[in-house]
Amino acid sequence: MNKLDNKQRVKFYQKGTFTVGNRLVDKKARSVQASMERSNAITSGHRACQGCGEALGARYAMDTVMRVTNGKAIACNATGCLEVFTTPYPETSWQLPWIHSLFGNTPAVATGIAAALRVKGKKDVRVIAQGGDGGTTDIGFGCLSGMFERNDDVLYICYDNEAYMNTGVQRSSATPPTARTATTMPLGDAPGNVFGTGKSMPLIAMAHNIPYVATASVSNLHDLETKVEKAMTYRGARYIHIYVPCPLGWGHASDITIQLARLVVDCALFPLFEAEHGVVTGSIPIRKRVPVEEYLRPQRRFAHLFKKGAIDTPRIAKIQKMADANIKRFNLLRKEVEAFDGVTGLSLKDSKYT
Amino acid sequence: MFEQIEGSNAVAKCIALSRPEVICAYPISPQTHIVEGCGKLVKSGKLKNCEFINVESEFGALSVAIGSSATGARTYTATASQGLLFMAEAVYNASGLGLPIVMTIGNRAIGAPINIWNDHTDSMSMRDAGWLQLFAETNQEAADLHIQAFKIAERLSMPVMVCMDGFILTHAYDRVDIPSQEKVDAFLPPFKPRQILDPANPYSIGAMVGPEAFLEVRYLAHEKQQRALKIIPEIAKEFKGVFGRDSGGLTRNYKLEDAETIVVTLGSVAGTIKDVVDRMREKGKKIGVLSICSFRPFPKLEIRKALENSKRVIVLEKSLAVGFGGVVANNVMMSMQGTGVHVYTVVAGLGGRPITQPSLEKMLQVAENDKLDDLTFLDLEREVVERELKRERASEKSGPIAENILRDIAGLDEAKR
Amino acid sequence: MEEKEKLTPKKDIEKDLKNIKKPFAITLDVGSSLANETGSWRTERPVYLDRLPPCNNACPAGENIQAWLYLAEEKDYEGAFQEIMKNNPMPATHGRACYHPCETACNRKDVDTAVNIHAVERFIGDQAIEHRWIPKHDAKPSNKTVLIIGAGPSGLSAAYHLTRSGHKVTIYEAGPVAGGMMSFGIPAYRLPRNIIEAEVKRILDTGIELKLNHKVENIEHEMKAGKFDACFLAIGAHLAKRIDIPTPDTSKILDAAGVLREMETGKNPPKLGRRVVVYGGGDTAVDVARTAKRLGAEETIIVYRSGPGQMKAHDFEVREALEEGVKLNWLSTIKEMDASGSIKVEKMELGDDGYPKPTGKFETIEADSMVLALGQNVDTSFIKKIPGIKIADNVVEVNSSMMTGYPGLFAGGDMVPSERTITVAVGHGKKAAREIDAWLSGKTYKPLPKHELASFDKLNKWYYTDAPITVQPQLQTVRRQTTFEEVLGGLDGSNALYEARRCLSCGNCFECDNCYGVCPDNAVIKLGPGKRFKFNYDYCKGCGVCVKECPCGAIKMEPEEI
Amino acid sequence: MFQTRIHGRGGQGVVTAAELLSVAAFIEGRHAQAFPSFGSERTGAPVVSYCRIDDKEVRTREPILEPDALIIQDPTLFNSLDVFQGLKSDGYVLVNSNKNLEELGVADAVKEIPDKHAYCVPATEIAMKHMGRPMPNAVLLGGFAAMSGQLAFKSVEKAIQSKFSGKIGDGNIAAALAAFDIIKKITTTEKKE
């Protein structure tokens, strides 16, 4: 009789390998989000838009933090959607100690909290700082770099929806080329945001040689949780960049939030990787590669690329080039089945379950 | 114990005696010697249980302070001038969140033109940011005020700025009594925060407050500062009880009883004025000095009471509300409404211009004869300004004022040839 | 500086924290946003539903395939067995002999390859036999008796289901063994006899009386004699269709049904000779050809009048036959056979209409015997007599509840108009049983309305890993040419589990927690293992993410009434 | 109140000199105030520092306009600015130089003040001799003590010790003493005549 080959054993649960929970997976391999005891760090009643990716990303990350720290975590928040929709007086959605100070100073506030905890000998309490792409890559950049450089014991999480959504969708340094925002309208000979601008915060973070840097997407939950959990095993400055689609700002249906978060990964425009002490140590191979069009089309912010009869092929090709570059840089098309953990989606050597 | 010591160093020692748990700062003249001093005390282990953090900017400095204070740590920082402006957003935030941070301002002018010397423009720019502002007259007082500041801040859960004149105090060597740790501990209890970020007792700090409650929040802040008007003298009294000397309080009154002319001022220049006053009193002039220690909250009633029986009040201040006149004077005038006492404004010492006894005496003479302009700029180089004004009238584009004046002073100006 | 420690009484501070007066408005108590019920934003609401999986939809026996795969993937094989037994009493048999339309319908074929359902069913069936599991049922006796004529798949199925619903059942079988076409139609190398015997026995053990070698001539008479309240007629179709092929020696011409029956019942196997020609293109033709090979024929040729595309036989049968050395000679019609056994064949060609046309070209094939596999007819001789019975082109007509023109007389299996497979027959047996059960209590059976179909587009494939089908091992060709050993091997525990878990659970929640995890508003309530989920409409904003992310299409959006 | 103004260049310890002066006075139980001419001192740039000594609290904070004593650590300053500005008619002047005041061309500037009120000491040279570093500031304080009589040498010595420990301290003290002796010698010999 033919025995199962290794490949089959790895994918032992075909029906739900990548689902949130599923009853056949070993308990410790199930995601935090699958648990009936998850903390719901951001509880119901918040005022996020329908299908808000940031609300999801934040809960995913913070619930994981709450689990690994045993609920001993303090969060601080930059000004932005997350802050506004979770804490409009007289109601807050947060279920852990949380502080909002300013738009640009969150990493420094976190540094202060960490310092106070250190001096008070509360080693078990951990500090998380969070902000949107504006608060992280633009106005908070200086403080963030300082926090990295001092290697303060803080996990900084950036929820990247690629523009200033809270103020009405203006361009940030995380806005991708050709994207329409209120300040990069689809006009003129280069409609939308221009090419050759913007920055990669994860790579900049790596340049600080901090212990841990990772990217994650709300579509790949197991990967996201694994990375947050891994980040919490380190002391010192850590950075996780989470991709969170914004139905309002991107002009997409509220129900395809996660689908877009998935497509951006599968088309390689947003590579999932992690780096330790400045060196890339792992990346998630693309499972089902798709052309960038598939990701761009459903979003109104890219609608001008797909005008009836006038599809902007050259610029789409340029975006495809960016994706291809990522594939090359992070080796995203490799087949390493034997080292591939069907449960976590992580390569086994990085997996928390080995 | 008395020491002959630099002002900054004396302050640093008293900060250490107050057992701060987090100190963070970004260097800017003339504040540098204070944080250097603190850093040394932490590194050397003289100040235990304290985190000293070198931050990337003043904005970062006060932000770190906000975080640590909100986590229940006694927190100190210091800055000056441009630095204070750079952290302005956080200055408002710290008071808005009610965090009892203590911050030293080594008072310095604000550019352009860039100028590292002393005046009060920096502190005045933040006068309405919701912080308490205490101005030190001497280095002894600067040292003492910091010890009191922590107590006041923590009693009210409000941040306090201790303002001391840059260089004039920070860099001056004086005889200062540095108290013992025992006395300071007796005077200043451990920090019992009003709110703290703690997983055992979680809540959200810094909510977004809309029109429905914002006014109330602000009113309560104002009400708190009114309460401070009682608490500041109380604590000054407690201080005297423990350390046996007058320090702090709302105002310091010098020979006011029979004074017909009273000079109102802030900070170290009061000492210079007192010498002038003594000399003029020898000549029979009835002059006194009132120096304001607590500028925020502003002690309206106390000041009014102290001044209402005088003939004239001269507010001599190191700040200028461009387009209006005196900043302090404005506050004093408000307090004097309806008393009929005439309030003159004398703007002096901007950007470190020495305020000399001869000029002060000359000015006071003029005032005595009621010949003083309502707004006087002490020792203003009329000639230079006039020439620049003439040039401006002549042509729109005359180059940057600062450079023209420098050229004048250097005598390079064509007009002189 | 040591005195600092004692001067900082942490306890006091902790105590103080308890009665902190928090600043007004800017500091808020945790979780207070629960007061804000965002459900009011909703214009559409998500609702959970069950959709009909294509496999279940396609199963002629009406098995709930997804349900038993669900149990199998939890290693609950007995549970899976019991689930199968609700609809089909012969899983081991069907795991081998069913042509599994379920797999043709399986959505998984569009991901990689269809789930190997029959292999898993066979595994479960074999487990059941090995561990002597018996079907559970708890029906109280109805004191009604039912006569079943014919112990083939539909007869046995009907008997089994009637017994399960409490009726007393007796089967009259004309032949010497039970099984009908299972034994007489399907060779042992596809369906080992011990399997049939075991499963038939298990059915009979539920309390069914079986009379073998009892040929019924007069149904009315038999029913009166045995005081039967109803009768199910399932005699199958056993008369070989014949065509007139001129030949001096008819002894050389046999029919497929006869040959296969003789394999079962005869003392010694039929003599077919060294060279055998089989005439026909159905599964039976192929079965006979492969049997002939096994009986030692050096050359076995299937002659078929049309092209390979037109053959009715299933591809896998033809493929296996070719592997075993059977030759195919299509687009040929047999004209005559002479005494020496040389057969005259006319070559055909496919016309534009796709039908074969004569070419006038001829060739001859030498053969020791020729087996006609042109299909079978129903022996209607004794049925004709029953009043009210209608027979059209050699099959008995039944109404929608499978009752013939004669009240209380039901019929099913190969003898009624339908596809002739054992699975269809078993399905008939079940349906008939339900109808009879209802009829006996004066009711009419109303089947539950079917759920909408869980089509492929309802699935979110991303959540499933690629997992290629597990291939069943095959017997080496040599042994296949010489013995009647079973050709296809079964799965073992591990790969049966693996195969079961390839099921996508189309249209039915399998508790993957996706909806619970992906809701941005925590508006999905997890009810715990086996209890699935429910929506908290107080907070659900109706974004629809749960619907899009449900891997199996078990949620849909419905407009809110305003 | 006795007010001293010290002129020098950045790097010559001008500010420290004033500080030490105030410390010495403090040691004698007097009130003293020392402060630099505020600015971003750069090596080589002209620097001024001040010290007031009094028996009661020093309140005034203005720069010293009419000094009772001038200490000039670098005679090259004579060419660039009027270091004698505001010098009291009975003031003191102490210059760091191997030359004398005539040779330095400042005899006129000091002719108003009483004799035995203006001296030159080769402070840099003495400093080099005693500690191998051209630091004239502490050295001159020794001379100042001898010249002005405002401070006992012991106080200057203590002040120096409080600032510089070990070899540098000892070197400075030795050098200061040398300067002190030079002036003392002149004053006493002159007395004999």
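Per-chain residue numbering starts at 1, and chain names A, B, C and D are given in the order in which the chains are listed.
Please note the rule applied: a contact is a pair of C-beta atoms (placed from the backbone, for glycine too) under 8 Å apart; a residue touches a chain by one contact, two chains touch by 3 or more.
Predicted, not measured: the structure shown is a model, and the values here were computed from it.
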item	value
Chain nearest the global centroid, as defined over all protein CA atoms shown	A
Chain pair with more C-beta contacts, A-B versus B-D	A-B
Chain whose Cα centroid lies at the greatest distance from that of chain A	D
Interchain centroid distance [CA atoms averaged], chain B/chain D, Å	34
Distance from the mean Cα position of chain D to that of chain A, given in whole angstrom	67
Rounded Å distance, chain A centre to chain B centre (Cα mean)	46
Centroid distance [mean C-alpha coordinates] between chain C and chain A, Å	47
Touching two or more other chains - residue numbers and ranges from chain B	49, 72, 97, 198, 201-207, 209, 213
Multi-partner residues of chain A (at least 2 other chains)	86-87, 89-90, 92, 94-96
Graph class of chain-chain contacts, one of line, ring, star, complete, other	other
Chain B contact footprint on chain C (complex, rising order)	1, 3-4, 7-9, 12-13, 16-18, 20-30
Complex contact set, residues of chain C against chain A	25-26, 28-38, 41, 73-74, 462-467, 470-471, 473, 489-492, 494-495, 498, 501-505, 510-514, 516-518, 520-523, 526, 528-529, 536, 538-539, 541-545, 547-549, 551
Chain B-facing residues of chain A, complex	71-74, 76-77, 83-84, 86-90, 92, 94-102, 104-105, 108-120, 125, 142-143, 145-146, 149-150
Contact footprint of chain D on chain B as seen in their complex	2-4, 6, 29-30, 116-118, 138, 165-168, 171-175, 268-269, 271-272, 274-275, 352, 354-358
Chain B contact footprint on chain D (complex, rising order)	18-19, 22-23, 25-27, 31-36, 38-40, 57-63, 65
